[in-house]
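Order as written gives the chain letters A, B, C and D; numbering starts at 1 within each chain.
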Amino acid sequence: MPFGLKEKCGVFGIWGHAEAANLTYLGLYALQHRGQEGAGIVSSDGRKFHLHRGMGLVADVFGEAELRHTLPGHIALGHVRYSTTGESSDANLQPLLADYRGKISVALGHNGNLVNTDILKRELVEKGVVFYTTLDTEIIMNLLTISLEPNFPDALAEALLKVRGAYTLLILAEHKLIGVRDPYGFRPLCLGMKDGAYVLSSESCALDLIEADFVRDIEPGEMVVIDEHGVSSYKPFPKKHKALCIFEYIYFARPDSCIDGYSVMLARKALGRRLAGEHPVEADIVVPVPDSGKCAALGYAEEANIPFEEGLIRNHYIGRTFIEPRQSIRNFGVKIKLNAVRQIIAGKRVIVVDDSIVRGTTSRKIVGMIRRAGAKEVHMRVSSPPSKYPCFYGIDTPVRWELIAAKHSVKQISRFLGADSVGYLTLKGAKDAVSGKKD
Amino acid sequence: MPFGLKEKCGVFGIWGHAEAANLTYLGLYALQHRGQEGAGIVSSDGRKFHLHRGMGLVADVFGEAELRHTLPGHIALGHVRYSTTGESSDANLQPLLADYRGKISVALGHNGNLVNTDILKRELVEKGVVFYTTLDTEIIMNLLTISLEPNFPDALAEALLKVRGAYTLLILAEHKLIGVRDPYGFRPLCLGMKDGAYVLSSESCALDLIEADFVRDIEPGEMVVIDEHGVSSYKPFPKKHKALCIFEYIYFARPDSCIDGYSVMLARKALGRRLAGEHPVEADIVVPVPDSGKCAALGYAEEANIPFEEGLIRNHYIGRTFIEPRQSIRNFGVKIKLNAVRQIIAGKRVIVVDDSIVRGTTSRKIVGMIRRAGAKEVHMRVSSPPSKYPCFYGIDTPVRWELIAAKHSVKQISRFLGADSVGYLTLKGAKDAVSGKKD
Amino acid sequence: MPFGLKEKCGVFGIWGHAEAANLTYLGLYALQHRGQEGAGIVSSDGRKFHLHRGMGLVADVFGEAELRHTLPGHIALGHVRYSTTGESSDANLQPLLADYRGKISVALGHNGNLVNTDILKRELVEKGVVFYTTLDTEIIMNLLTISLEPNFPDALAEALLKVRGAYTLLILAEHKLIGVRDPYGFRPLCLGMKDGAYVLSSESCALDLIEADFVRDIEPGEMVVIDEHGVSSYKPFPKKHKALCIFEYIYFARPDSCIDGYSVMLARKALGRRLAGEHPVEADIVVPVPDSGKCAALGYAEEANIPFEEGLIRNHYIGRTFIEPRQSIRNFGVKIKLNAVRQIIAGKRVIVVDDSIVRGTTSRKIVGMIRRAGAKEVHMRVSSPPSKYPCFYGIDTPVRWELIAAKHSVKQISRFLGADSVGYLTLKGAKDAVSGKKD
Amino acid sequence: MPFGLKEKCGVFGIWGHAEAANLTYLGLYALQHRGQEGAGIVSSDGRKFHLHRGMGLVADVFGEAELRHTLPGHIALGHVRYSTTGESSDANLQPLLADYRGKISVALGHNGNLVNTDILKRELVEKGVVFYTTLDTEIIMNLLTISLEPNFPDALAEALLKVRGAYTLLILAEHKLIGVRDPYGFRPLCLGMKDGAYVLSSESCALDLIEADFVRDIEPGEMVVIDEHGVSSYKPFPKKHKALCIFEYIYFARPDSCIDGYSVMLARKALGRRLAGEHPVEADIVVPVPDSGKCAALGYAEEANIPFEEGLIRNHYIGRTFIEPRQSIRNFGVKIKLNAVRQIIAGKRVIVVDDSIVRGTTSRKIVGMIRRAGAKEVHMRVSSPPSKYPCFYGIDTPVRWELIAAKHSVKQISRFLGADSVGYLTLKGAKDAVSGKKD
């Protein structure tokens, strides 16, 4: 499983609200784009923990019974998990609930990816540790338990000093809600306030939904402890250069979120403008792949001064259980979701913009669809870099489109897609764009 | 129930394809926007009819069992029904299946609204007719049966000569698939071809999905009979002036459909441009209400030469069973679906464009959301006429936003919404725009 | 479809109770054995009718929403429908709701089978009547409508004078709940009282469940009209000899019901005793097929003075969606439901008692199962007559086991089942037993 | 949670069959009476483990997808879990899947109850062990891991030497299926063979369903290891006197199972006969509470020479989602499931037999129901001992009916139930009965 995919989870927690579980439900709902495979909430009144987890969308995992009766208490912590092929099992759902030193319960929700799990796991196994899941979270739980620090937050800091990699953690323990962002700040986490209660969320869009005020981003390397005394901030880790994952801006986050002070939508428009600068082409219209390419396409169109047109329409009534028709008419694939608008496209030179190409099969169908709608030319533009590359802050990142870009040249890709040209944003262009730098 | 709502159903039929029911399922899927309350398909091998109907979305009504086993045959006819409050009952699902003169089965699917049902019903009741539903379709079925014409299509024509109003009908009978569009052509119907089989569909977007070729629109007052001899066309009704319902272009149809030769998306952009001409205002950005105001907003932005921005983001992971939180945090309403992008909106004079205002409560929340995101001014622009009016072709039309616009002045509406200004497109403007006329 | 199967529906109605729909739900629940394919309830406050119907078991068709909100009013009428192969469609669900002479709503629930439907249908079709279902109920509704009697109960009586066959009808109309039992009294119907409200039910076991008092059986040919004046009784039909269907006692009804003054369980025990008299055999134990053969087996064991043993155990945790295993281990069939108790059966001469044999395949598996458990001899005894025969009161009855008994001799059946002997009760024996006559 | 309840789980495993998961599904299905709260299956091809678990009945947890695709391999291990109030969480589902020493996967399914968990847990916690569930299984897993024995079966034996209490364990590890029964043999386990593959099952009724041959019972203190070399048997524990839990015979097991050479049904009949000897009473009929009291009632009736009658009828169409009616007609409770047959009971002196009384509320309703049906006298007879007692083999057993019998005298219970008399079987009587001893 590529690193990128594993990353994409969401966490949300709240301390001190009578409707803690309900608000967490709403928060997870707003973070649903960060993970659709499963969801879970742990709630607590400070003494007893209550857990409900399940496979599927937030709105399907939590019914009236769970929200009304199963999850009481004024503290809650929730998690949404990304759908990954392969290791799909209920055993891997979060939050992870465990006993801490046989006495208190601890709930953990994790968004991130540790890079030294093999060695940590080996050491722990030698100590006789049993592993029940493939979650990094379980490693952290065990490190936490074997720490010699008597105080919980100190033990947590000690445990986290041993791990390397990306993590944003929410922990419920000892009547405290704790949030930690790794020293690089790879994954986002922000603090909000709702009716006097503190909220921690992967993205600010979840604060908007529950009408919480945005207070600030949690800093890289910061640990915040929320309890009846309010928010305390700690910086237990050696300082590193900040390194928010660029893919948060490119495609992970929701465009209405604002991460580390920069609007995701503005970042995407900047990526699109930069893309126009790097890969200009004479054309009549710029068409986004809805909804993934929308923001970048707007930026591209502005920069290139070419009309922006909604030449692809997305069908939103897909429902959960679409039955593919039989053999003879199978393989509708992307047609179920998208349709080209002939009268917009016919006779035009079309620039189609998306945020990425994964296997290329979907993009190929989209290009074909645009051609069949009568386009004279189809130019594919992608608002992210094309290939596997070492993450610019030192963490190795097999990105999600390696499948095609890692093994093929842009020319080969163009031919596979049936496009007249393909242009990927350069890594430098992407970095500059999200840093707000102009060429 | 206002006229407009009742109108919004969808029909799809196919004759002569081994996968008739499967393709009809896909066709209904593409027509889902025309009705989400229920769906049904009748299939036939020319001798026996098979029926499956149910409440809910197409993808939920039809499972693997129904598509694989329950609906055999090379002819099929499907219907999607709009969700209306009040008369929601399984008894009102279509297609309606009945015996014709005790011998042959007839299946009818109807999109439309008859205006002389009271008098027709009274006459039929006097003859001893029993009614089981509140469907206009049932009246047509009875008129058909009491016709003296021995030939089925002739009887159908005779029956339809007695009804007044809007109808697009698909009928399966005597091994024939028949499509009829009322003399005014109020509702759309088009003909396509897939692998040698003929297809009838409310909108062309359904032809695109199944990769059928668009052949032509069925003309107002035209009856087409499809059987083993191909398509025969009849014009059994006195000629009327064409009067496709303007609301098909304004908001009923999908933007990727083309109705009576005019692209719905181009029509909507033209409505937006006209709206910019009628209600100009100095502003910094044009923001659509997604997805309903998207096309008109693009047209408005082009005409007004003001930047188009995606300042409202729609959450697509709503799922089917969203549980509203308890009392104290209830009433999230539109916030569940939409969020404003502060960094796009803050400090800006915003023109927000939608296709209609119904009760005003949703629009009010949207205006408030934009204001809270920091807009300096909010100007609401609506790409349809404001009030109840006699349909310009003589059919009385209580339109769907009568609820607010019928009883209040634009000024009052503006105050209710909390907007700096509100501008509705004029009826003349709407008519000109969809006729392609420039001012 | 054999006559017998079509018969097996259940009706329940109540007039004047604040919890009318809820009690009807419970009533249908107790009548579930009379029909598992679908269920429906119509409720009324005397002015507006509310309908909910669906395919499946009562507990699945009606959820909290339906019982709490969808079905208000103090009058209710419910129906459970038997699962028949072939004509399984939502269009055939009952109660049937229709307009009576264009003015008032009528709801009908029917348990029975008309024998002159063909001629009645032909006459109605000539009058221009349209049929939407294959239900006899629809014919009755049309006869009712064309009656010249101005008063509803009179019109109903006139309509019913035209039909021949078996029917137990419940009708809701004009703020009245009407119950009718055909002149022969083929199907059961009884009257009860609960908290001052009158109840009509196919069987008395439904009265027990809602803790209603049993008042009396409705007489053959009796029509009772329940409204604010209480119960009025009419006898609009020419008197016939009473002819309750013998199969109600043999296997339709629940053993805890009492029909026309005779306990179903006592009747079944009498059938078993008679069977022992007609087909004695030397054996060690009498084993019922659970639960269908239980009562008759008790009677047989008593009469024959042979120990009664529970040698077959039924698994009650079947659930709704049992997935048959793959090819290689398929065909578990009856084993999923039943298992033989080796220690009871081994080395014994076993008399196994059931209420009927339909196709013989299930009985064959049971005989085999008993043999594999070590039985020395297996003697099959059946507490109903073997073959297709004209019903003893003149109504032609193709009974449900015609499939094997109609075409094969008892000897052939015995060989097919692998039994040492097979004994069917004679028709005379069955008649005597349910009349309480001793030989 | 009382000990007794926790006990009631079921395990099933198979080694070397192409349909391993499917057969395990069927096996669990036959063991469903041992646990209805949840179910799980682990399958393996010897290298990779596949897991599916869920809350609910076996037939609902496993759908076509799971059985056809999710669980490949020729080895499988399944578990059904009893529904207990309180600790109902998906985290407690079994089989438990874990890593053994960081290398190999281990799956455990457990039926039993350890008595020294507190001390074991404390020791493990001091070693830094983290606990994620409240399952005894998790303790065993950790003991297994810290064992110094290099060989897996040896490590397992070492681990189990530390635990005290009742356990029947199935383990999948290192391409082996291992079954262990604790030294007392408190819970049952038997060995079968199907198509050359070995099967382990809590009860023999599961072997019957899959048409496997019964080979033998696993002995108390025996560990069997099944792999490609067949079955190896070990006796790693000090010998104890055999102590199969008497409640397996009284009510846990299915009557068609045979445990340690004694038929459960025969044992129950013996309990009933003994009960008749201990608590005789002059009466007209013996009526079982279906289905729990059936076998004992037959034994009672035989011994007392009083007619056995089915005076209570059970409704089997309960379905999954029964909605209790509103306030005014609530509390149907046992009436939903049972009804008394008036014509059997009226005027009679009735002995009603059940296998236990838990809270007494259900028994009270049953006694009331029989009285309302006209019984002259009602005598309750219970085929198990009345009170909390130290298990006769030294394991403390708070039995499931402590709730009423622990705090009240038989006289008080009789008054509470409204019975004319109540008689519980003595502990000695129960022991003698299941040992096959006559007084």
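By our rule, a residue touches a chain if its C-beta (ideal position, glycine included) is under 8 Å from a C-beta of that chain, and two chains touch if they have at least 3 such contacts.
Keep in mind it's a predicted model, so treat the numbers as computed, not measured.
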item	value
Neighbouring chains shared between chain A and chain D, ordered by label	none
Centroid-based (C-alpha) most distant chain relative to chain A	C
Computed distance of Cα centres, chain C from chain A, in Å	58
Interchain centroid distance [CA atoms averaged], chain C/chain D, Å	36
In chain D, residues with contacts to at least two other chains	none
Chain contact graph, described as a line, ring, star, complete graph or other shape	ring
Touch relationships between chains, expressed as pairs	A-B, A-D, B-C, C-D
Chain C residues within the chain D interface of the complex	18-19, 22-23, 25-26, 29-30, 32-33, 36, 57-60, 62-64, 67-68, 205, 208-211, 254-256, 258, 263, 265-266, 291, 294-295, 298, 302, 307-310, 313-323, 325-326, 328-329, 332, 335-336, 339-344
Sites on chain A touched by chain D in the complex	51, 53-54, 89-91, 93, 96-102, 121-122, 124-125, 127-132, 141-142, 145-146
